[in-house]
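You will see two complexes here that share chain A, one where it goes with chain B and one where it goes with chain C.
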Partner chain A sequence: MNPNSKPRATVLPPLLLILTLLPLLLMPLGAIFVFAGHAGLPGLFQTLSQPDAQFALRFSLLTAFGAALVNGILGTFAAYVLSKYRFRGRETLNIVVNLPVAIPTVVVGTSLLLLWGPIGLLGQFLDPLGIQPMFAPAGVLLAHLFVTFPYMLGAVKPVLDELETTYEEAAYTIGASRWQTFRYVILPALRGGLFSGLLLTFAHSLGEFGATVMVSGNLRLRTQTAPLYIFAQFEAGNIETANAVAAVLALTSFVIFMLLQRVTQQRNRRAS
Partner chain B sequence: MLLRVLDGVRTMTLPDGKRLPEINEFVERWRRWQTTRLNWQQLARLALPSLLVSGLFLYAIWPWIPGTRGPKVRTVVLYGFSIIGEMMNDAVFPAFQAEWEARTGEHVEFISAFSGSGTITNQMILGVPAEVAILSLELDALRLVDAGVLPAPTWRDLPHGGVLNRTPFIILVRPGNPQGIQDFADLTRPGVGVVHPDPLTSGGAQWALLAEYHSVRMLGGSDAGAFAQLRGVWQNVVAQAASARAVRTQFESGFGDALITYEQEVLSDRWRGRLRGEIVYPQSTIFSEHIVVVLDRNIAPEQRDLVEAFVTFLWSETAQRIYVDYGFRSVDEALNAANPDFGVIPYPFTVDELGGWEQAKPQIVDGIWHDQVLPALGMGGTP
Partner chain C sequence: MSIILSDLTARYGTNVVVNRVSLEINDGELFVLLGGSGSGKSTILRMIAGLTPPASGRIEINGRDVTHLPPQARGTGFVFQNYSVFRHMTVTENVEFGLRIRGVGRAARHQRSTELLDLVGLGGLGDRFPDQLSGGQQQRVAVARALAYEPEVLLLDEPFSALDVKIRAELRQSFKEIQRELDVTTILVTHDQEEAFELADRIGVIERGFLMEVNTPQALYHQPRTEFAATFVGGGNVLVGRMEQGQIKLGAVSLPLPPGAPPHEEDTPVRLLFRPETVYVGAAPPAEGSDIHTLGEARVCDEIFSGSQQRLRLEMHGFEGVRSLWPPPPYGRRVFYIEAIQTSDRAVALTRPAPGDHVWVGLRRYHVLEPSGLKLLIAYAETPGGQAAAAFGALLARAASGPTTLLAVAEAEQVAAARETLEELRRRWPGGPSPRLTTRVRQGAIAAEVLAEAQEGDYELVVLGRGRDGLGSVAQQILKRTETPVLLVQETRPQIARVLICTAVGEPGKTDVRFGGRVARRTRAAVTVFHVVRPGAAPWERARAEQHMAAAQAVLDTLGVAAETKITGQRPEGRVADIAAEAEAGDYDLIVIGAPAWQHPARSRWTDFASQIVRSTSRPVLIAPMVP
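After this line comes the complex of A and B, so read on.
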């Protein structure tokens, strides 16, 4: 780090930032906790211990773990291929794999339904075989994989693009295979990117709503994720219950990003 | 520091050209130990995050770990329109669970989803595994027949033609009724603002249209008078929203003077102490009828006895009493006396009066409201 660009100890800019963020971000976040806590702490725990709330939280977490695992591998592979290989259609593919960010998630859900659903393009052939991915946990995972795909890619690919090819070339000259080069040269450099990509995927999957509501069938105790549970409780007018689960999600995300910051800071400190 | 000194020592060569083998070995060992110690430090630093993550994972997977789960329970999958959700979860399901357990010793779990009637109908057309569904109007059930989800209008073979319970459409006005609204006819007066759900998307709105139109004829008026009232009400519509619930929010946030909605919704708000307004009971209005649909194609043979028992239970006196407690009117007229909050409607009617939805929809909703009233008000042009 350049010693001249040390953070200055000033009060005004941070204060301005906080004032700006107050109505945009901080107060809405605070409102979740205020409403969640309306019934007091015992009430909060009682709300959270209901079987459908418990199920929704667990199901959301499992889906998020699943999405992070699969997209962690798939996204890294995609980033590696798109960054290190030159082939026809690479530019187009590069745009296409980033599209899930821009497509409304409801559209994602609908398209999955029209493909895998019982009357969908592929689904109508699978249905007689007893394979029904939609309205089941598999469908929710599929939707989350689609929606969160770009996050891993976005975290890993820039690092790969920046990575000096000389390291790889050096590895090849001493006889390392492509896999060995990846394992011992590229992967260590990617650690930060992988880590933040995984956390982003996880956090995003935890909060996914639009695609999930279409493909899950929204069945409590079977396919209802935490955001769907929150929405259903809002619709039924149970604002405290909705906010209690929302508070847990917000808290989990907070912890996740705290971890992210902690680990990346340690790496930077060690590196400098 | 020590390492640097040792490094110096190590690179020292003895006069005879040999290095110090012992020291060399020591340095190597020390180095190795150092690196392993570094790894331990790293691990310690990563301990908190890894513990948190694995704790989270363990929590998430807990019910699926073999041995932590009880014996497999039987389930019933039910989809229902939104306003019955609370009643089903809090009262009807527990009552059936108790009854079934007393009869068979088995514990039954309900897998349920509640959303707008049109939404769950679309979901069923797309193939959700619903075994039983409760819809807010028969039109949605008819759509299921059209889509091939049901082979025929099978709900008509159920008790009361598949009608589970009813609720009349009433007028909700501002506290104190400042506009002096007494009936649908008052909603046609100039200066009265009406908030109305959108009939293109809302089931409740379709019921409301029939009430606005046919109530005139119920009170002895002519077709022309009915048309004039429907037109007059729609002339005063100041805001529309996609669903009965959304339009409710509009009304509560200050739009308009009157809202046409389900009696049950207003009563349940009053019991929760959050009603800001007054109910006006029209002389004549429609009773919405909520339909139970059994989706045979989604019911496995071993499930049949359970689903049939549950459907029968829906019309039992226990269940019908629950509906009355929650503000719905029972199909068994005698039970309705139990709820003193139900208002009196001298000339009620149902959609049967109009030849059922099969006729009411094309004749009144499409033929009169959409094709004549909207163009007359310059709101037409929607396909």
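After this line comes the complex of A and C, so read on.
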């Protein structure tokens, strides 16, 4: 460590920082809980037990689990292929799989509609068969898979890149098959990356709004996720209800974030 | 035989990285592959383990052909330079991994891992994770892990080179003990001579993909066959003398051919190796009747004291005409160095020589390398150019007295006919069919096959025929993909008596002078070194050219080649016209030009220039690429 960058014991700069961040970050976070608590805990629980709210929260959690599961597998596979194989178009593919981070989520929603919607490129053939992925739970999952794809990849690929090829080769010469090598040697080495990738995917899916609002049709008790519910309730003027669900979302995200912090810290400690 | 490699070859793209390596390794032997970086030693090891597929050849382990088996099915244990110990497993789990894969029960696994950890000196550390161990300890884990499932052979790729010196020596010693105890057939790859000498039962010296020489450490040090082994292994002095009346002539000194030395023909070069510690250095000439051969007087140039010994660099007098291969002579200076080592107990005595002192030098022992000569590839074709190449190549081969390969490339149905033609040529070879002349017919496209032969055969010069056009695609391919000099022949010459070396100032200029001088020394030709100064050159450029020419003269003088130098101003038609005019005026038999290394940015401009020179004359042109 550079001796000049040693932390200095002082009060003023941190105080200034906190003061600046107060209106930007800290107060908005607090506001959610303050408002949610207006009617007291019993009021909060009552609001949350409404069927709409219950459905929205459950649907959101389920979708987030689904997205994390599917992208967990798909993202790890993609990371493995992109990291360990050399083939033509690898660079291009690398950029393409990371694109979802850069594309506005509303645009993602639109493009999904243009593909799977009733008059979409593929949808027009599926529609007569009675298959309508859009404005249905499947559509929401599709949108979330698209939007959260890069997170798993981004968490796993650097770990794989850092893993020397001799690591795998050692396993091969010892007699482990490709699958055994993956199962016993590579996968355990990826543990940290996998876990943080899953959490990131889950968290992003939980909060997804832009693409969801386009492809879901925002149908109550069918495709309405928690963020959509919050928005709808706000629009309808039910600020208390909106706040209750928002508080739950905020709390969940907070827990996930703490977990992530711990994993990263553990990994850093190992690395040093 | 535990491991048999036959004609093993590996390529990366068009580069041949391992070249027809054949090797047999005995049961329980500790064999060391010794070579510099990029020599192909690790690739050989990886091919044995199945981690790199060979381009051709065969690998046998304990009588089983494993050439095309996956690494899992070969039963090798591999230890990597970077340890590659599994970080998420404990030491015990690492060692037991191979047994777990093989379905060995828990108790048996545990017994084996405890045994092995005791053996490698890690007893009691089984529950640790690799990041709690030092580098040396991790490498011990890797060795135990590779030995756990009782592999048929153990392969180690630079296993100690990532460790610091003290731990390296320790680990080396304990590894040797482990290997002896388990009696496991082992190949270890290293670039470290000391390591090779300390560990090996036998050493294979490898260079640019060629297995140069295989022998015990003692034989490799005291009686190497090849110049490469002599200079790469241990420090040494290698001089080239001449065979005259059964004696080795080194300048004014005559030495007897030691008993058991390879036979040399009269008037051929003899390469003499003596190790620094066999050099006698004293204030007086060696006593009459002692078995020390006097070399002459020398001046001490340099002295390095390194504790147990004193290293001396001696500048010899009266060695004009003797070529020194090692230590490499400084370019352009008329000095001749010999390295000597004295043990300190003598060096600290009153007689300890200091720089500037004049001393007497003698040899206690010396060794004669096998005669080599210039290794030639002559590409024959039934064209006027091809026939001229064969005729001129024969002249050169006779003077160079080196191994020569006569190559023809033919379509499948003409192979037999081509073989016949080459046999005929061989019978009519000037001076009779030499045993050092081999013929080879390759099947396929000419350019590709000549290139492949040039790459695989480790030739020092490729002789090609040509028509009236410029460089030609074959020559361009060879110059681009190898560092081998190319000799282009359009019309042959009755003899090789006059050589014109057209030299540029700077680095490439050194290669053409050196190589041209070598050819002239072999053929006993007179050399003219020729340089064209561009019009309007500044005085400093002229001075630099003159300096360069003086250096060339010195190099050729020390080689014992009759040489003169010439600097001219450029004609209005350009440099090429100057060279062509000089070639005609002097009636030269051979024109030598240098070439920049092929990665050099000026290479394409240079290719045009070389083409023009080749087109401007019908005389043989030798192109010597710069060796970095």
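Here, the second predicted complex is superposed on the first by the 238 of 272 C-alpha atoms of A that agree within 3 Å, B and C clash if a C-alpha of one lies under 4 Å from a C-alpha of the other, contacts with A are read in each partner's own complex, and residues count from 1 in each chain.
Rule of thumb we're sticking to: contacts are C-beta pairs under 8 Å (C-beta built on N, C-alpha and C of every residue); 3 or more make two chains touch, one makes a residue touch a chain.
Remember, predicted model here, so these are calculated numbers, not experimental data.
In the three-chain model built by superposing on chain A, chain B and chain C fit together without any clash. Partner contacting the larger number of chain A residues, of chain B and chain C: B.
Applying the stated contact rule after C-alpha superposition, one finds that A:E164 touches chain C and leaves chain B untouched. In the superposition on chain A, contact is made by A:A189 with chain C only, not with chain B. By the touch criterion defined above, A:Q180 lies against chain C but remains apart from chain B after alignment on the C-alpha atoms of chain A.
Looking at the shared chain after the overlay, A:L113 reaches chain B, while chain C stays out of its contact range. By the document's definition of touching, neither partner reaches A:Q261: not chain B, not chain C.
When the two complexes are overlaid on their common chain A, residue A:Y172 makes contact with chain C while staying clear of chain B. In the composite built from the two structures, the nearest CA pair linking chain B and chain C is 5 Å apart.
Of all residues in chain A, those touching chain C in their complex are 164, 166-167, 169-177, 180, 184-185, 188-189, 191, 270. By the touch criterion stated above, chain C contacts chain A in their complex at residues 49-51, 70-72, 74-78, 80, 82, 84, 86-89, 97-98, 101-102, 131, 142, 145-146, 149, 155. Across the interface of their complex, chain A is touched by residues 45-46, 49, 52, 56-57, 59-63, 77, 82, 85-86, 109, 111-115, 123, 125-129, 245, 272 of chain B. Residue ranges of chain A in contact with chain B, taken from their complex: 55, 57-59, 61-62, 65, 113, 117-119, 123, 127, 132, 134-135, 217-222, 224, 232, 235-237, 252, 255, 259, 262-263, 266.
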